[in-house]
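Right after this note come the structures.
Each of the next two complexes has chain A plus one other chain: chain B in the first, chain C in the second.
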Partner chain A sequence: MAGPDRDCLSWFEASARQRLDALLDAGTFREAIGPAERRMSPHLPLFDLPCAFDDGIVVGSGALDGRTVFVAAQEGRFMGGAFGEVHGGKLVGMLRAAVEAKPEAVLLLFDTGGVRLQEANAGETAIAETMRAITEARAAGVPVIGLIGGRAGCYGGGGLIAGTCSRLAVSEGGRISVSGPEVIETNKGAEEFDSRDRALVWRTMGGKHRRLIGGADAFCDDTVAAFRAAALDLIGRAPAFDLAMLEAEQARLRARIDRFGDCRDATEIWARLGVNDPEAVPAMDTRAFEETVARVEEARHDAR
Partner chain B sequence: MADWRGERKARDARIEAGRAHAQGKVVPADAAVALLEAVLKPGDRVCLEGDNQKQADCLARALSQCDPAKVNGLHMVQSGIVLPEHLDVFETGIAERLDYSYSGPQGARVAKMLYGGQIKLGAVHTYLELFARYFIDLTPHVALIAGVSADREGNLYTGPNTEDTPTIVEATHFKNGVVVAQVNEIVDKVPRVDIPGDRVDFVVEADTPFFVEPLFTRDPAAMTETQILIAMMAIKGIYAEYGVRRLNHGIGFGTAAIELLLPTYGEKLGLKGEIATHFALNPHPTLIPAIESGWVKQVHCFGSEVGMDRYIRERSDVFFTGADGSLRSNRALCQTAGLYACDMFIGATLQIDLMGHSSTVTQSRVAGFGGAPNMGSDPHGRRHPSDAWMKAGREAQVVGDPALMRGRKLVVQLVETFGDGLVPTFVERLDAMELAKKIGLELAPVMIYADDVTHIVTEEGIANLLLCRDADDREQAIRGVAGYTEIGRGRDRAKVEELRARGIIRRPEDLGIEPLDADRSLLAARSIKDLVHWSGGLYEPPAKFRNW
Partner chain C sequence: MESLTFRHTTQKPLSGTKAQAITGVVASGNLEILLERVLPPDAFEIAIETPIAGYGQVWEAVVADFVARAQPGGVRISINDGGARPDTVSLRLLQGARLLEA
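Now for the complex of A and B:
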């Protein structure tokens, strides 16, 4: 790709490194444990699988509009951005360093299908450690902002981690969930969830649905510039992390399941949310969708 | 004295028997089985319309539910074996013999049933070949066809997926056969008459609309940089080189990438109006950006494609449409157009051997041919020149009087050296030959014979087989673009460099292409949604292709 022009660079299409280059102020990114150090998975060679020099994640620090931020970007094109031992270790290390260094914010650029099956125990541990490290960073006053719009979405443990972030921004192509469409279909049957019906997948797990029910706090166009603007905005309005906020979040999630637990399809949820023409939501452009969001109560919550 | 009107009498008797289950020509769906049992006789040749896309599925279900004691030993003559019912009838003895063209999704079951002897196979044909035999020795006694709507007189509207219907009806009706059509609805007046009512004997009002498979939609989001590189080489090294204006594309991702590169990479090379202006092609959604940016002048279609109806309706300067505004497709005529009126066929395959024979058959699947062997063959009956055709002819001609030289159809295979699951595309021996031996086929199911292939394009380069002068040239030209496959690694390096010096092998750098430029940002559309935007909202993709 010829130079990171953030105005037109597609987040969905870009690699992890292209996203970071265009997201941060030009020339400010400093990578920690970069590819030159060759910190690769010790497990993948046992399965005769190729390794990546950065184990599929780029971590470091840089400036966002002049303010110091710590960042981590998953590479969805290496093993679906899945968590392994080194991958998770780099992420947890960055978050723990943030507790000490107290940057303005931590940005997590999710692009993951979850845990790598070949190193599942290490991967699952990494998920738990990451969630703990995020809460420690937030408790230390560092907002943790998740940006989701990559090809692999944000699934499995990635979906759990996203749930612990201060704020999330998502694009239309971004998906957030725990079990992926194929997993649900395999376990519950195609009648329950047809993973090949992509319109169903997106209206159940996609960015628009997550934004409408308040699962994500910002909806942006699929450009790096839009994600940058969303990140700046969300840092400015990250919630506190204390008992009152946790209780508010618990109440919000309880109310959500009470209100929508019996819905059979996302369009039913949108109708209950007060969206006039639920069937029209998937085809809406960003502007029309933002106007719809502005009229929905759940999308304006303050808890996390 | 001989009876010269016996067939006609037999046909009248069949229709008379069928009338018991009809009101005029109209038959309710629940009487379809009884109707078929009345009009069919054991051993009949039957065309159960199974096209590349459109399926007479209600009639297929009815046929499979007939009593094998009444209806048996049928000889099925149909282009597509697509639905499970198409094969179920062979398990129950309703059908016995088969002549067909294409079996895509049922390929594995066809192979098993051929091996098990449940199907007595005549031959696996190309479309045109099977259609031709409908008029010579495989004329159906009964045709079971599909349309969108009919009136009570039997006038039939086939909808945009006309496909094989006119050909089947022509052969059946005019040679004393019985035509039964399933339609989605009976109407007072059809939008346009695709088949005149006097050629249709019975109309069954189907319980559900007929099934159509979106077979020609390629999601730009799944296109890889390797496919883009191959597409760039094809555009610069073949389309531009020969000035190919009239052509047919296969259905793979490689040709879809070419369609999406025309308005970007092609534009940059200044090729607009010089290449790819007239197509024999289904309405591929990936062609939308090239149409919208003025590259494509005209497209004639074999069938339609799900979701493209509104777009086609609004682009009648480009497509063939009826008085009602919707697409009129015709497989037999479009195959003929692809064979005689196009200068190039370009498409993918699964296996290529050292001589350049190719096949999509694997040891456990008999996928059939469809139309590729028609489009991908040099028509010896062609008598009109074009620059592209003559240039290819000059490259191939080595002996004889230049005044008697004729042109050559460009037949281009576009493949990655390793296919799905890292299976090598280049092989010593085609699986098709093993299969032929295993199930006793007299003719190995070769998709395109080596003597028809003119170019092979892989990510490693282009091999121009027209310029090869002997078998060794040819083998090393193929090895020379076969990458890291066993075949590729078995190359004679010095010979390959010699072929490169002679322009028989051309690498990306020989074409002035930097492989790192092969980037998805070059695609005019990178998602299905981009295609919808290009179409001004007229393209309506089916749910399985949406990510919104």
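Now for the complex of A and C:
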């Protein structure tokens, strides 16, 4: 994706490969276990389903403004970006390599609905191994930055993994949660959560809500340039990874439940946070929203 | 899954020197195409994996049209199909050839 529109490429619309190509310094990306190696899912053919040459994830290394970074990008359009055995193995392998190589950061470009149901045991294992590998990378001093703005959002085990990252950047279109809208509706009924109410979905799980309560650390426009700037900023202010930090994070999460546990809608939470006109938040442009965020104390939380 | 393989002899090699390219995504109505410059300059081979069985003749016609237009000598193409229509396949093949020529 060379050319003048590289920077304004929509993150939401771009493929995993296009995102990486435009995010990193031109020509610096080196892929590990690329498509020509054909490391494909051993499970999908059993279900008569087509495989992808890269199993829906692109991993490797490159430069971000001259700094060495390790990267992984999920392809949200292949099986909803879901974690399978090979997909997870590539991600975990990259994170473990980062512990050894100590790049300046690891960037995780999430775009996932969670575990691939056709290989659920392998996928669940991959989620657990990924979370462990992230904590090991962070303990080794390598910040792990999550970038979330894809069409599949960041759901299921992906939402859990996001919770273990050093910092998260999210766009309006990005959503972060564990159970997705349809899952909640199926289990608890449409009265509890109407998955077809898109406004409800976005204000409950969308980027603005996550940013306001401090679950995400940066809010970006839907462009590769915005995510690039956010990634560089977040690498520079990644938190420490020690017991004091984890205990503080736990205390903040407990305080969040105490303060907002009885709210019935995200707008009630925003009102309690001190947002003057909560109903106006979904329609705010990035600049107006940033000004609102600047007045909210909780947005500076380290707790996911 | 149905596996199809077609081989052609071309009049000339595909221009350019890029060794490999990939385009498209395995999604409903879409497909991914991996192109590798690994064959003798006058040879072309394409291997297709598709979950939609029974369309061998359509694939054969689309591939023959692509070979006639692009003359992709030296290239081996591998396809993971997600149920793409023939026009989509045709466009992706030409797009892939263009990427390899770049």
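The definition used in the following text is that the second predicted complex is superposed on the first by the 296 of 304 C-alpha atoms of A that agree within 3 Å, B and C clash if a C-alpha of one lies under 4 Å from a C-alpha of the other, contacts with A are read in each partner's own complex, and residues count from 1 in each chain.
As a working rule, contacts are C-beta pairs under 8 Å (C-beta built on N, C-alpha and C of every residue); 3 or more make two chains touch, one makes a residue touch a chain.
Everything numeric here is computed off the predicted structure, so don't read it as measured data.
Contact with chain B, but none with chain C, is seen for A:K208 once the two complexes are overlaid on the shared chain.
Of the two partner chains placed by the overlay, neither chain B nor chain C lies in contact with A:A32.
In the superposition on chain A, A:M245 makes contact with neither chain B nor chain C.
Contacts of A:C51 after superposition on the shared chain: chain C is touched, whereas chain B is not. By the touch criterion defined above, A:A199 lies against chain B but remains apart from chain C after alignment on the C-alpha atoms of chain A.
Of the two partner chains placed by superposition, only chain C is touched by A:S15; chain B is not. On chain A, the surface touched by chain B in one complex and the surface touched by chain C in the other have no residue in common. Those residues of chain A that touch chain B in the complex are listed here as 1-2, 10, 12-13, 151, 172-173, 196-202, 206, 208, 282-283. On chain B, the positions that touch chain A within their shared complex are 221, 519-521, 526-527, 543-548.
Chain A makes touch with chain C in their complex at residues 15, 17, 34-36, 38, 45, 48-53, 75, 77-79.
Of all residues in chain C, those touching chain A in their complex are 1, 20, 22, 25-27, 30, 32, 34, 36, 49-51, 78, 80-82.
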